[in-house]
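Presented below are the structures under discussion, each in the form of structure tokens.
Two complexes follow with chain A in common, the first pairing it with chain B and the second with chain C.
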Partner chain A sequence: MSEHVNITIDDREIKVRPGEKLLWAALENDIYIPHLCAIKEESRPNASCRLCFVEIDGIDYPVAACTRQVEEGMVVKTRSTKVDRLVKTAFELLLSDHNLKCSECPANRNCALQRIAKERGLKLKHNRFKPIGREFELDDSPAEFAFDRSRCVLCGQCIWADRVGAEAWIFGFANRGIDRVVTTFNNLPLAELKCNECTLCVDACPVGALYYKREQKV
Partner chain B sequence: MSLIEGEKEHILACVKEVLGENTKTRENLIPLLQQVQHKLGYLPSLAMEKIAEGVNVPTVDIYGLATFYNQFRMNPPGKHQVKVCLGTACYMVGGDITLESFERRMEIKEGETSPDRLFSLERVACVGCCTLAPVVVVDDKVEGKVTPTRVDGIMLALNEENGKAAAEQKPDQSEGDDNGHS
Partner chain C sequence: MVTANKPQDNYKKMFEQAREQVQSRQEKSRVLIGTASCGLAAGAEQVKESFCREIESRGLDVEIIEVGCIGHCYAEPLAIIDKPGFPPVCYGYLDEGLVHRLVEDFIAGDDPSYEYALAALERNDEFPTFEDFPRGVYEKKVILENCGLTDFSKIESYIAREGYSALAKALSEEPKQVLEEVKAARLRGRGGAGFPAGTKWEACMNSSDDEKYVICNADEGDPGAFMDRSILESDPHLVLEGMILCAYAVGARQGYLYIRAEYPRAVEHIQKAIEEARKKQLLGSSILGTGFSFDLQVFQGSGAFICGEATALVNSMEGKMGMPESRPPRLVEHGFRGKPTVLNNVKTFAYVPLIVNRGAKWFKGIGTPDSPGTAVFSLVGKINNTGLVEVPMGTTLRQLIEEVGDGLPEGREFKAVQIGGPSGGCLPESALDVPIDFDSLHEAGAIMGSGGLVVMDQDDCMVAVARYFLEFTQHESCGKCTFCRLGTKHMLDILTGITRGQGDDQTLQLLKELSEDVRDGSLCNLGCTAPNPVLTTLKYFHDEYKAHIEEGRCPALVCRDLILYYIEPPKCSKLCNVCVGSCPTEAIYTRDDGLKAIDQDKCVKCDNCRKACPPEYNAVIKLSPPVLPAEKERKAK
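Moving on, here comes the complex of A and B:
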């Protein structure tokens, strides 16, 4: 097997490691593809955020870049009418369950959703889909940080950090469908669990759901 | 939901028995939870913690699994179980209003059990007698055309029944007290 494979993304020829997933190959070559749930080390990607769609020559439907391995001679386009429509819908669905008070959010200007909106020319507004308006209790029980589920995008980055990084096994997904949440056993406050406040989960959060209290805006 | 006297021992014994009879693997979690729920009527936190310990998976994963499937319940069934139908026909004629009426009268939310464990309230999707909509099933008895006024009637009957049951128990207790004092 050769040391690298040649692929073309948006007319740019790049050399990438064999076996690499398309998403990471693109990102490492400064080609932006929207993504939230992708974790490079994960052998079987969740592929749940539905944002990293790309078009591959020879396949007549868009595919999720986080699940597709690079192949020699692959020709990829990160934008197309089909891709843009899928990403727009997925993004709007995420926003329909997202607290859009960005000015009050500690992650304002450092937020994965804002980056996607900027890169793809999408609006951070409720438009086609009405806001669901789920109500959550703020968990501010830890000393250093807090968890505001109204800003959670269910990407699972905190769960990965909690399990693989911290080996604390505190966070997990619960409920189903529209009621899906990232939560703890019995929805207990973090301070009542074996959380040693390593804050790896806070660093992993791409939005302002897990945030440091010192960065909180009044 | 706090446990009642002697319940803790019962839960521990049940989980121990189920874990002893089955292979303790992640793939086998759903049958394990089903068996425990079959014995206890619900999945108390303590049971979920003990299963997590026995199978060596995080407790939050058991919680995630149990909340994902409708078949698992986290609250004990009440002495009187009220199921409000929210199927299409019942919903169209105000099944949600009926449900709200029960929630107000029982002072609990759908899916919960009253602290005294007398009532539990659930929603179901079609009982199969849509002509009687909105339908409510009270302890396996089907009640048709349940308006908020009828909810009051049903609650009155249930409370009366509970009052009678309590009154029948009381004389024994007072005798016991007298003996204790003398």
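Moving on, here comes the complex of A and C:
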């Protein structure tokens, strides 16, 4: 196998590691593609946020960049009418299930959703879909951090950090369909579990769902 | 390497034995009773008891055998009487009295009581067979050929009709031969998507891994679909033989049948079949005396609809949450336990022994060039002959509904047909000449899916139908990916609003766009196909959507918020007060003139009064939009 493969993204020719997923190849070359759920070290992609769509020459529908390995000669476009439409809808769907109050949020100005909005010219506030308005209880039992599920985008980053980084197995997904949540064993407060407050999960959270209390606004 | 004709010789002995055994059984009269799940629901168990009682009390020597689905579910309970000297005759709508009569006149006497017969099963000079019916002209039984005609509990019945001879034949040749035949036959997967089975098998065969798996998908979670269950219950060895052939072709030594736990009879029959096959060395180590070994096990599924999806099914078998994964990698590369795995539907496997025995050319002689073979449907809804049917691919929907299903009952007017279960589409009259094959249905916006086919008439509201199916898929969404988790929820909310008359043109536009995005953006096929009922009804029945939102009117008089119940004074009779007692909320009162009327504030729209009003009056009607006509006489309570 050769040392690198040549691909073209948005007319830029780049050399990337063979076997690399398209998403990471782009990001590492400073080409932005929206993403929330992708984990570089995980070989099997989550592919659940559905934000990382791109167009690949020869494939007539948008493809999730986190699921595709680079191939020699691949020609990729990060934007197209179809891509933009899917990304906009996915983004707005996520926000219809999101407690949007940036000014009160610890992640303000350091938030993956805000970044996507900025990069793609999308509005955080929109009225295409009615807010779903799920109610959650805040878990502020740990000393250093807190978990506000009303801002969670179900990206799974905390679960990976908790299992692979901390090996604590505190977090997991629960429930099906619209009721899907990130939860703890028996839905117990974090302080009652063997969480040692390594805060790897907090650092992994791309939005303001897991946050340091010291950064809390109100 | 396999020695020349050892499997064939071994098989021959087995076959002779089985044939003798079966023939000796056929020397006396036999009663075959359809006790598949639907027969049982219609009272097959009582019918069986009646037969036993009647036969015993007369001291007759008759064998009573339980068989699977005979395919004429509309006439359940069903039985076939096979008496030497007569053609086997099938009787329907059985009850105690009829059983008494048949035993007395036919089994004890010699009068087949043809007036009660549905059809004979062999050509004869006295009574028509099923093939002589209009339905029979179009029907082509391939994988259902022996369903309901064979004693599923005895492996000998299967062997005596040359069952497992395809296996013997294959084992005396190279594995590649089986693959070549299946490829040449262009067999496409019957689990819904129609992916070529040969392509899948070849990829698995080519893998150098020496641990491989063959899995049969019998999750069948579509509401209303029961053909996989029927085949498993009625002809279990056909499926087992297909799986063994596949294992031989791809080089697998272990296989599983993923059967939903709600199918206890299917599980029981398959388990019994596996045991019997093992005893005969048709399963297990050195099959038919060759060096080929393969064993099978049943895995009982948890019942979630999504577990029928290939990657979710594997996850669930591995003890993980039954949730889909993104593909590639495909299962043939990275399947069960990370090993190359072939996953096929029950029906897909059922074709394989027949293809190996009769050849690819025979198979391609049925159906269309791109979709060879047959399609199995369960006909339900507003259609005369409900039940399981098997027709060649390429049969048009019109032929299927009008000829095979004998059309709609008196007074019913065709409106739409929903094909492929909750992920399928609703097609109108103008699409009825579409030939049934994977690609034509897909083009029309429907899918073959699980083969559910629901016929709908003027009393079915297309918005309510779309909402009903979407409610199912939304409920079954695993929640992993954004489009399906949230998109189907918003679609459902919009549809619910429309059934209440809420919305405008923009709402319909949004519903259409969102449906398309869910279709294009979801991770797995549940989300990608969930919008089909919505998109097809929006396309073909746009006016019905418009009537709801623009006029607040449900043309089919179904959507509760858009109708009211009304007693037409000219039709109501002063001598009658039947409806009054039927009303659970005491909403019906007597007017000053002695006729009845409904207090709209109390009415909960339960439909009781309409059903209760005697047919000679038929005075209770539904009105939409829900506006009361101006009336002279009201008052009084």
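Here is the rule we go by: the second predicted complex is superposed on the first by the 217 of 218 C-alpha atoms of A that agree within 3 Å, B and C clash if a C-alpha of one lies under 4 Å from a C-alpha of the other, contacts with A are read in each partner's own complex, and residues count from 1 in each chain.
What we mean here is this: a contact is a pair of C-beta atoms (placed from the backbone, for glycine too) under 8 Å apart; a residue touches a chain by one contact, two chains touch by 3 or more.
Because the structure is predicted, anything quoted here is derived from the model rather than measured.
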- In the superposed model, does chain B or chain C contact more residues of chain A? C
- Which of the two partners, first being chain B and second being chain C, lies in contact with A:L94: first, second, both, or neither? second
- Message: Applying the document's definition of touch, where does A:T183 land relative to chain B and chain C: first, second, both, or neither?
- Response: first
- Message: With both complexes overlaid on chain A, does A:Y61 touch chain B (first), chain C (second), both or neither?
- Response: second
- Does the superposition put A:R50 against chain B (first), chain C (second), both, or neither? second
- Task: Could you say whether A:F173 touches chain B, chain C, both of them, or neither, answering first, second, both or neither?
- Result: both
- Message: Show me the chain A residues, by the header's touch rule, that chain B contacts in one structure and chain C contacts in the other.
- Response: 173, 175-176
- Item | Touching residues (chain side chain A, partner chain B) in the complex | 163, 169-176, 183-186
- The chain C residues in contact with chain A across the complex are 304, 321, 325-326, 328, 474-483, 485-487, 489-490, 493, 510, 513-514, 517, 520-523
- Query: Which bits of chain B are touching chain A when the two form their complex?
  - Reply: 45, 48-49, 58-64, 67-69
- Please name which positions on chain A make contact with chain C in the complex. 44-51, 53, 61-62, 64, 67, 82, 85-86, 89-90, 93-94, 96-97, 128-130, 132, 154, 173, 175-180
